[in-house]
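In what follows, subunit A forms one complex with subunit B and a second complex with subunit C.
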Partner chain A sequence: MSWSVIVQSLPTFEKALWVTIWMSAVGIALAALVGLIVSLAEYFRVPVLRQVLTVYAEVARNTPLLLQLFFLYYAFPVLGWKMSATACGIVGLTFLGGAYMADGFTGGFEGVSKTQIESGKALGMSDWQLARYVVFPQGLALSVPAFAANVIFLIKETSIFSVVAIPELTNTALDLIGLYYRSNEYLLVLVLAYAVILIPVILFLDWLERRVRHGAFGN
Partner chain B sequence: MAHSGINVLFAGHNFARLMGGLWTSVWIAALSILFGGILGILFGFLRTRSNRLVKLIFRLYLEFFRIVPTVVLLFLVYYILPRQFNVNWPGTWMAVLAFTLWVAAEYSDIVRGALESVPKHQIEAGEALGLNDRQLFWYVSLPQAFQLALPGTINLATRVIKTTSLLMLISVMDVINIGQQIIEANNNEHPTTVFWVYGLIFILYFIVDYPLSWWERRLRKNSKEVK
Partner chain C sequence: MATELMRVDHLDKYYGDWQALHNINFSIHEGEVIALVGPSGSGKSTLIRTLNGLEPYQKGTITFEGKKVTPDKVSWQKLRQEIGMVFQSYDLFPNLTVMGNILLGPTKVQKRDEGEVKAEAQKLLERFELADQADAYPRQLSGGQKQRIAIIRALVMHPKLMLFDEVTASLDPEMVRGVLNIMQELAKKDHMTMIIVTHELTFAAKVADQVLFLEDGRLRETTSAKQFFTNPQTDRAKEFLASMDY
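Here is the complex of A and B:
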């Protein structure tokens, strides 16, 4: 283990760290949006759209991200759809994450206790009012643990971006190992880099979970 | 054009080779789930019983796997075992080792959660009947914890199966690696080969994974209705 090798590689890893961070952030935000749309279609039982989105979610959840990326990056150009590696990464993460997020939100909405919904109905609330004032606030609070798990999962999944040569952390480490054969040093920096991203995220999400637990009435 | 690409799938031994690759992925997943499951049960059990130090060590072990992506884990095993420990296993066994350690970590948490979720009155009822500690564990805690842990177990299994897609990164001859060989051999002549080969592998993974996740969902739904 050579200290100078580690120090010299730090600027390269810093660049890669930001690639991992911004791609995770954009991918997770879009995944949450897609997940919300899917779970809303499920909640309001929108005909056709709901079935289509269910099929999407099953496909996305039951296939590996690596294959989804290969499909986007290598197979889609055959059909005339070309995308940059970065775009493929974002689309892939959104595709996969959307299904996981949808599961989390739907689980939250379904977890709202029946008495809450019945009370709302007894007060004469319309379907929309029931959703807006009873189910969504409580359901979203209930889905925070699943959301947190998904965020951590999706950040880690960005390591798979390395297969389409996106210069994120894992790809950068593998490149450096290929160039200089210093596997111990670069792997150590790589693990630490993920810790630098994930430990604050995990702590923040734990805090968020504790905070919104007050929103989970009747449980 | 599209026609020639799909024919590549069934030309020569291509289809049999892809299925052989899928078999490699499946048995690596199966062994990892088996070994990791056994270790995970042991770790999970220890985490409910031991003193603080042991608990802390297992907690750190778990947190390590929570932070390190599986791709990185594979490379850690792949580079460190031969160089630091002079262990030169084939890639398949390195993959089994990496996946086993990961499964053990995640599964220990599922098992611990399940053991702790067995209702207290069940244990107390057992005590009232005069069961000793061992009987309490085998006849009361374990059967009920098993049921509580089953959906999480299946979920983990589906994830292990999907993660076998990473095996090609440490040059294991899995289904994707073989697919790439077929693509390289045929894509110049039939440019749509890439589409059909990845399409087929995509469907294969779905076929293996979907029944499991369907089972998991059913179990979760049933347990909700019981409540």
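Here is the complex of A and C:
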């Protein structure tokens, strides 16, 4: 183990760290948006759209991100739709994450107790009012743990981006190992770099979970 | 004779193949209090829940203020503004304060002026000795307080009929009195029209004008409260009263 090798690689890893961070952030934000749309279509039982999105969610959840990226990067250009590697990464993460996020939100909405819904109905609420004032505030709070698990899962999934040569952390480590054969050093830095991202994220999500639960349910 | 507020004719309800309610007939007049009593599993809750559309029914009619209820979602949504309901599980919305809970229906559903409703809510809170709790969250309250607030939340909608579904059944014994007192006050002072599902027979005898005795989904007895509690007509009712140590 050579410290100088580690130190020399740090600027390269730092660049890669930012790539992983911003692509995760954008991909997760878009995935949450897609997930919300899918779960709303499910909640309001929007005809046709709901069925289409169910098919999407099944495909996205039951195929590996690796294959999804290959499709986006190698197969889509054949069909005349070419995207940059970065765009493929974001689209892929959104595609995969959207389905998982949708599951989390739907689970939250379904977790709102029947007696709460009946209390709302008994006040004469319409379907929309029931959703707006009863189901969504409580359901979103209930879905925070699933959301948190998905965020962490999706950050880790960005390591797959290396297959389409996006210069994120894993790709950078593999490149460096290929060039200099210093596996131990570069893998150590790689692990630490993910820890640098994930530990604050986990702490933040923990705090968020407690806060939201307290705000919505008082425990 | 006061005007008839709600009338139920030949109502049947099924869960799949199983018939939960058999040919239910009764009517309630303005200012009248009906106690709906009977053994567990007799269909009391099912019946009271059909009266504001929370349970669908397969046959028969419900008439409210002389108009036959069309049993679809939108007409029930409208009617529920006139028919308040309080449940056994005092389900206040946990993410809202007491005042937030009370204001939600009148301001969002009925689109009434918030200031006006707030003033009215404050008066009701004071009347039921909950004035200090307006800004508290449900988690900070006892079961009895929550249930009294659930009653206020329904009252502030200005319902013409109030349904109470075993509202004291899951309260600690020392909380029961306060909730029953409110209901009694509503009956005697406000002349609120109420249908009450309850196991508190002493209370029922005090406030009810009419008793519906339900067993196996059938109305076995529909009589004045006085008659029911002093001289029940059916053996079933006699057994029931005896089993409840009344």
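The rule is simple: the second predicted complex is superposed on the first by the 214 of 219 C-alpha atoms of A that agree within 3 Å, B and C clash if a C-alpha of one lies under 4 Å from a C-alpha of the other, contacts with A are read in each partner's own complex, and residues count from 1 in each chain.
Definition applied: a residue touches a chain if its C-beta (ideal position, glycine included) is under 8 Å from a C-beta of that chain, and two chains touch if they have at least 3 such contacts.
Nothing here was measured: the structure is a model prediction, and the numbers come from that model.
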{"item": "Partner chain(s) touched by A:8 [first = subunit B, second = subunit C, both, neither]", "value": "neither"}
{"item": "First (subunit B), second (subunit C), both or neither touched by A:62", "value": "first"}
{"item": "Contacts of A:86 with subunit B and subunit C, given as first, second, both or neither", "value": "neither"}
{"item": "Partner chain(s) touched by A:71 [first = subunit B, second = subunit C, both, neither]", "value": "first"}
{"item": "Which superposed partner A:54 touches (first subunit B, second subunit C, both, neither)", "value": "neither"}
{"item": "Touching partner for A:124 - first (subunit B), second (subunit C), both, neither", "value": "second"}
{"item": "Which superposed partner A:195 touches (first subunit B, second subunit C, both, neither)", "value": "first"}
{"item": "Greater residue coverage of subunit A in the superposed arrangement, subunit B or subunit C", "value": "B"}
{"item": "Subunit C residues within the subunit A interface of the complex", "value": "52, 54, 73, 77-81, 84-85, 87, 89, 91-95, 104-105, 108-110, 137-140, 150, 153-154, 157"}
{"item": "Sites on subunit A touched by subunit C in the complex", "value": "113, 115-116, 118-127, 129, 133-134, 137-138, 141, 215-219"}
{"item": "In the complex, subunit A residues that touch subunit B", "value": "58-59, 61-68, 70-71, 74-75, 78-79, 110, 152, 156-160, 162-163, 170, 173-174, 177, 183-184, 187, 190-191, 194-195, 198-199, 202"}
{"item": "Complex interface listing, subunit B residues touching subunit A", "value": "66-72, 75-76, 79-80, 83-84, 158, 162-166, 169, 176, 183, 191-192, 194-195, 198-199, 201-202, 205-206, 209-210, 213, 224"}
